[in-house]
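Order of writing sets the labels: A, B, C and D. Residues in every chain begin at 1.
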Amino acid sequence: QTPSRLTDGVAQRAALRRHYETVRRETTARTEGLTVEDQGAQAMPDASPTKWHLAHTTWFFEVVVLEPVGGVPPLRPGWHRLFNSYYEALGPRHPRPERGLLTRPSLAEVLVWRQEVDRALMQLIDAASDAEWPRLQQLVQIGLAHEAQHQELILTDALALFRRHPDEPALRVSRPLHEASGAAAPLAWHTIAAGTYCIGHQTDAPAFDNEGPPHAQLVGNFAMADRPVNGRDMLSFVAEGGYQDPQWWSSDGWALVQSEGWQAPLSWAEHAGQWTVFGLHGRVPLDPDAPVCHLSFHEALAVAAWAGARLPTEGEWETWARHLGPLDWSARPLPHGLGQVWEWTRSSYEPYPRYRPWPGSLAEYNGKFMVGQQVLRGASVATPAWETRPSYRNFFPPHARWQFTGVRLARDL
Amino acid sequence: QTPSRLTDGVAQRAALRRHYETVRRETTARTEGLTVEDQGAQAMPDASPTKWHLAHTTWFFEVVVLEPVGGVPPLRPGWHRLFNSYYEALGPRHPRPERGLLTRPSLAEVLVWRQEVDRALMQLIDAASDAEWPRLQQLVQIGLAHEAQHQELILTDALALFRRHPDEPALRVSRPLHEASGAAAPLAWHTIAAGTYCIGHQTDAPAFDNEGPPHAQLVGNFAMADRPVNGRDMLSFVAEGGYQDPQWWSSDGWALVQSEGWQAPLSWAEHAGQWTVFGLHGRVPLDPDAPVCHLSFHEALAVAAWAGARLPTEGEWETWARHLGPLDWSARPLPHGLGQVWEWTRSSYEPYPRYRPWPGSLAEYNGKFMVGQQVLRGASVATPAWETRPSYRNFFPPHARWQFTGVRLARDL
Amino acid sequence: QTPSRLTDGVAQRAALRRHYETVRRETTARTEGLTVEDQGAQAMPDASPTKWHLAHTTWFFEVVVLEPVGGVPPLRPGWHRLFNSYYEALGPRHPRPERGLLTRPSLAEVLVWRQEVDRALMQLIDAASDAEWPRLQQLVQIGLAHEAQHQELILTDALALFRRHPDEPALRVSRPLHEASGAAAPLAWHTIAAGTYCIGHQTDAPAFDNEGPPHAQLVGNFAMADRPVNGRDMLSFVAEGGYQDPQWWSSDGWALVQSEGWQAPLSWAEHAGQWTVFGLHGRVPLDPDAPVCHLSFHEALAVAAWAGARLPTEGEWETWARHLGPLDWSARPLPHGLGQVWEWTRSSYEPYPRYRPWPGSLAEYNGKFMVGQQVLRGASVATPAWETRPSYRNFFPPHARWQFTGVRLARDL
Amino acid sequence: QTPSRLTDGVAQRAALRRHYETVRRETTARTEGLTVEDQGAQAMPDASPTKWHLAHTTWFFEVVVLEPVGGVPPLRPGWHRLFNSYYEALGPRHPRPERGLLTRPSLAEVLVWRQEVDRALMQLIDAASDAEWPRLQQLVQIGLAHEAQHQELILTDALALFRRHPDEPALRVSRPLHEASGAAAPLAWHTIAAGTYCIGHQTDAPAFDNEGPPHAQLVGNFAMADRPVNGRDMLSFVAEGGYQDPQWWSSDGWALVQSEGWQAPLSWAEHAGQWTVFGLHGRVPLDPDAPVCHLSFHEALAVAAWAGARLPTEGEWETWARHLGPLDWSARPLPHGLGQVWEWTRSSYEPYPRYRPWPGSLAEYNGKFMVGQQVLRGASVATPAWETRPSYRNFFPPHARWQFTGVRLARDL
């Protein structure tokens, strides 16, 4: 029998080509509204300039796909040191906190490089032998999943830059980013019965190494909130002195509250009794029904404790998400406030049982970060729909506030 | 029927009195070899002066037992602010990094205070009504478990002080601390079959809140080394360039290797091809058969990766320890190198399912530290035998090196 | 009689207009070779982005001249906070270390602002009443002297940026900056006889407040080198272990040598026995005859001690310079290596006897910096010829290396 | 003729012996009221423990006198590294900020060492040949002058320690330290006529190298206040918002006001409208007539500017002091509030014309600190009377507050 069109090599190549073009175009589309100067500045050591993201994702295809699979000599070998992020095995690296000093190459030169790499990759997809194809396909998919992560960072890092500008410019993202939330119903709870549930990536579809292997996990009777903590909840926490009361906070969190002077979530401001929030559309009135964004893990812990609830483990979160059934992530907003903010879990970022990193230099992709970070689940307004799945494990250090991060409560039953 | 002697109130009180006296005496016994000046200095912000430990453990009985249970007015109310460690609910605190500046009260005054508190506690044990007894008993036991933790810190913190002295004085601990190891057999492995095992504290004996509730846990087929990583292993790691090769290290660990210039475990030094180690008995030749001590979690991870193994989770560790059957911790050295060094696990310090902190101010005892730390299991040479059990959860941040910390390898089967 | 053309109001106004236009054009000419991105980045907290210099000098005319003299409302009031450097009396200021984050306004917008301010200033020069004229003239001259200082900083700060780029781009300044030095004659000494000499600004020509009042100063018999310390001298200092020997260094200087790892002057590098230097024209072979540049005061002190000489006081320097007679600074290179590098003196930056700061907000221009800095005399390749005079007092902290700074030796006779 | 008894060798030796004994005894007398623990702690990196001062001054005699002159082998060679302060030429040094960690040797051991060194020195004074005598005499005098400096530091550093203790213990100095001031007359001014005056050490009496050579200096007509700025003056400065108004402050000073939160002089506190000051006798009511103490140079500059006056240069100060005629420093309190607080001058600490450091390792005594510091003149309550003279140059960095430092105003006439 003939294989189905989808598994047919020609169709697979065409599909990958289309996917590649779409994703790469989306990356540059996300720079809309950013000037050449905006794209060069680095808001803080944790964030990177837009131009750096554009170059780094291109470097990634050059060193992970073009050269190893296609034998294509690097198009810009002299730039590798500038745009290698953290791969010790791939040579020396420019110090991360000094990415904003890389005024050369220019944005224009980086964009030309992107096009040249895109052309070379298109040719490689066409020219690869059938023997090479599976590896090529997998590595391009990894490259695109990587690109998706940086698409989100382009927005969070630009926002971090504008947040530090006295004028708080608006990114003026014209395409709606699903932020609309509608009037919130009262909080309800989904209950899950205790049992042994399988979590982790379980299909042949692309996924990150850290999502596997799939494995069973014991879960008790618990309930998950049917929406993230929203502005109204957080206003109550603020109003009831939550940021002044150590009983809700971890020791590290309380130390940050005091040393950083936290009084409300990042970007919140109060003037004459009215609260505003700075986000992708500039400073706007606080929407009490929208999920709270830019929470650190410490704030998530504190507001959960204050609410008499707790954070879910990542196993609980994924079990709950699988109970919801398949979701069409391209049709956001989704039910239950999903896909608006990454949701902090109580789980530290650790390897799953029998976890094996990808081979070679890609071993550094995820494995070496599995200490000192917390897992987040779900997706944010800035996460591409196609790169969203219940097994996806995002992670950030517990103090991080500049990502699109919020929290959904859980309870023991 | 009459109750057994052990459950009889009179006997219980006598037993607690004896236990209290023994433990408190052991605390001051541990200051042997330390001068008045040694006992006042603070090696670093993470460590505390001996005198501070002596006073803090006394303060603990004053505020946790004497006043709440016995209604005894504080004997030294003016010192509470100096010796409260981290209890927000118990009033203001002197900054931790400045404990070495507390030259007043003197060591002599602190020792007098200890005796007065001891006397008051003895009286309270005698005088407490039967109704008060259970609570008194529990709180005294908590106070003694707390004292046991500081007994260990007295040694690690004094060692940290002497490590920074150019002359590296020897603590000259006269009582052997079970460091003798004997010639090491080749590494063998204990295998544990996959299954659902219960971990956590399961009896009525005293334990910390963080050891419960007991709960089932899924474990795969795995093997545990029958001894910790020893000096010979670590020498190979050093000799094969382990401290120069990023492939073995987490990202944070590698950053520390470079910024701190780590080239070998803490306190190791090499001169003319001979390695020495600084420890409780001063600088002595490296014993290749003794468990490596003073490893950070990052070094534990690195040496495990280099050895082709991994760290156990805390669930695996406890499951393995329970398979060993009951151990007489008072008869150290124990088999399998147990009780010589705390053993880092791959598990972050998180609450067990349905964990509830102790009520009141003791809620701060453990719960607020459950972020950014790794669990260690077992016990070290400095841990009192009576305060050792398979469910015990020690924890430190991943960069900590000044504790008696080592590592036991595990493998998937 | 009619006044001479030069003192005639009309001619004075024309002259000022011409001067203004020339200076302001020179400022933008100095951005030659810098991309939009280069002009936005901030090399380090001490340095500023080119764009910031372009805007700040424009802000200066707006707040110091246009508004106070001409009553012209600010053209960009919203930008004042961004481009006020350090004038407490002129309102709040964006934090200095964050100037590189000011991606808005764009370079293009700043250049438009410059033109609008230029037009307004031209109109004011024409329109000012005779009564207003003297004050207007003085303030414009101060604004231009200020602009001259920032012209120099545009080059030093861009160089500081490129120094931190792994590729060390060349500014490629096409116009020669008088760096040519010619073969150096052996060092000779100018002798000055002991006496009472007047130093300080003594004419009606424009000058900074810190150059006056002129006053007598006692000077002993001394000698001044007829050229600055050159590359050959410094190579000997390096070769003879000058950077490894504390005897030549001040206590603070030696601490910096160790903490910063100084082994040679900034921007020097050695490869296979050949020394190169990074400067305005990129990395070029070390010219042994050219004055050493980018020395800190500490290095100047050390090399002088090693040479058996000392630094001149600023009184000695000025006395010597006045003995040289009038110099045509527009015809560089000048004799005696003058005008190539600022020359550190042994004098701390202190007020002259009976010094009075300028009135109003300009009081902050110089007076508040008279602590913790050392005086430099002369001029560098980057100093405009018209803003050079024997009484000019430049100043920087003793650790500063990124300016065009060198040293000329003196000796007691 | 026979020489007078005072210049006779035997008498000279007896006098030096008496002086030595008196000074050394005074040093330990200054530890009165300090416990063993007090004497071991280090208040901050700039300060040293009492025990360290006791040991360091002893080390000084060992390496500067006993060994070079008497050929006496070091009595405690193993301690040299611990108690060498900053002499690069005299071998490695324990890091200054870690002096509080030197719990070994004990205070008792240090005191024994002091006695042994004292005995050896007595013997050397007796045994030295006539040829050796002049050098021995000079070096012992330097050692005693050095001891005098540390006598003052023993008090300021102990005070710095107690200032950081929550209980603010009182040193309880029983011997009056001349703090009594009496009711202050209104401020009057001493006028000095312009002229050429000689400053610097001009006799054969012992003095520091930095006090010479004596040299002429031009001084304008000026006036000096007949008393230091007192508590009443400073209260007005505080009350009129002096600590909130940048116009009075240098740029560095204002930065400190903000970063350190300065609102009043160090150790001042206000409660219910009453001001108190923490000093040698504990916390006592502010004496409005007593000279203000613990001012930084920045505060001295600010209060002078606010008062419409200025600081004297060190040349002016010494000229004025010489006009006062000889003073009996042993009969304090002195007229004009002299000898109560060191008086900041406007002069940076620079070498006098033709200054030559002492030879050998003593070259490091003063010369290498002549950058970044301000000169203070006079003496404080803690300065021994015999080590007080008009040419004495004390120096500290402009931010230092923990010394007994105040200010006397000057004015141009």
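Here is the rule we go by: contacts are C-beta pairs under 8 Å (C-beta built on N, C-alpha and C of every residue); 3 or more make two chains touch, one makes a residue touch a chain.
Since this is a predicted model, take the numbers as computed values, not measurements.
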item: Chain at maximum distance from chain C, centres defined as averaged CA atoms; value: B
item: Approximate Å spacing (C-alpha centroids) for the pair chain B, chain D; value: 48
item: Centre distance in Å when chain C and chain D are each reduced to the mean of their C-alpha atoms; value: 38
item: Chain B-chain C separation of Cα centroids, rounded to whole Å; value: 60
item: Residues of chain D engaged with two or more neighbouring chains; value: none
item: Graph class of chain-chain contacts, one of line, ring, star, complete, other; value: ring
item: Touch relationships between chains, expressed as pairs; value: A-B, A-C, B-D, C-D
item: Chain B contact footprint on chain A (complex, rising order); value: 86, 88-89, 196, 215-218, 220, 246-247, 249-254, 297-298, 301, 346-348, 350-351, 353-354, 363, 368-372, 374, 398, 412
item: Complex contact set, residues of chain D against chain B; value: 35-38, 40-43, 51, 78, 81-82, 94, 98, 100-104, 106-107, 161, 164-167, 169
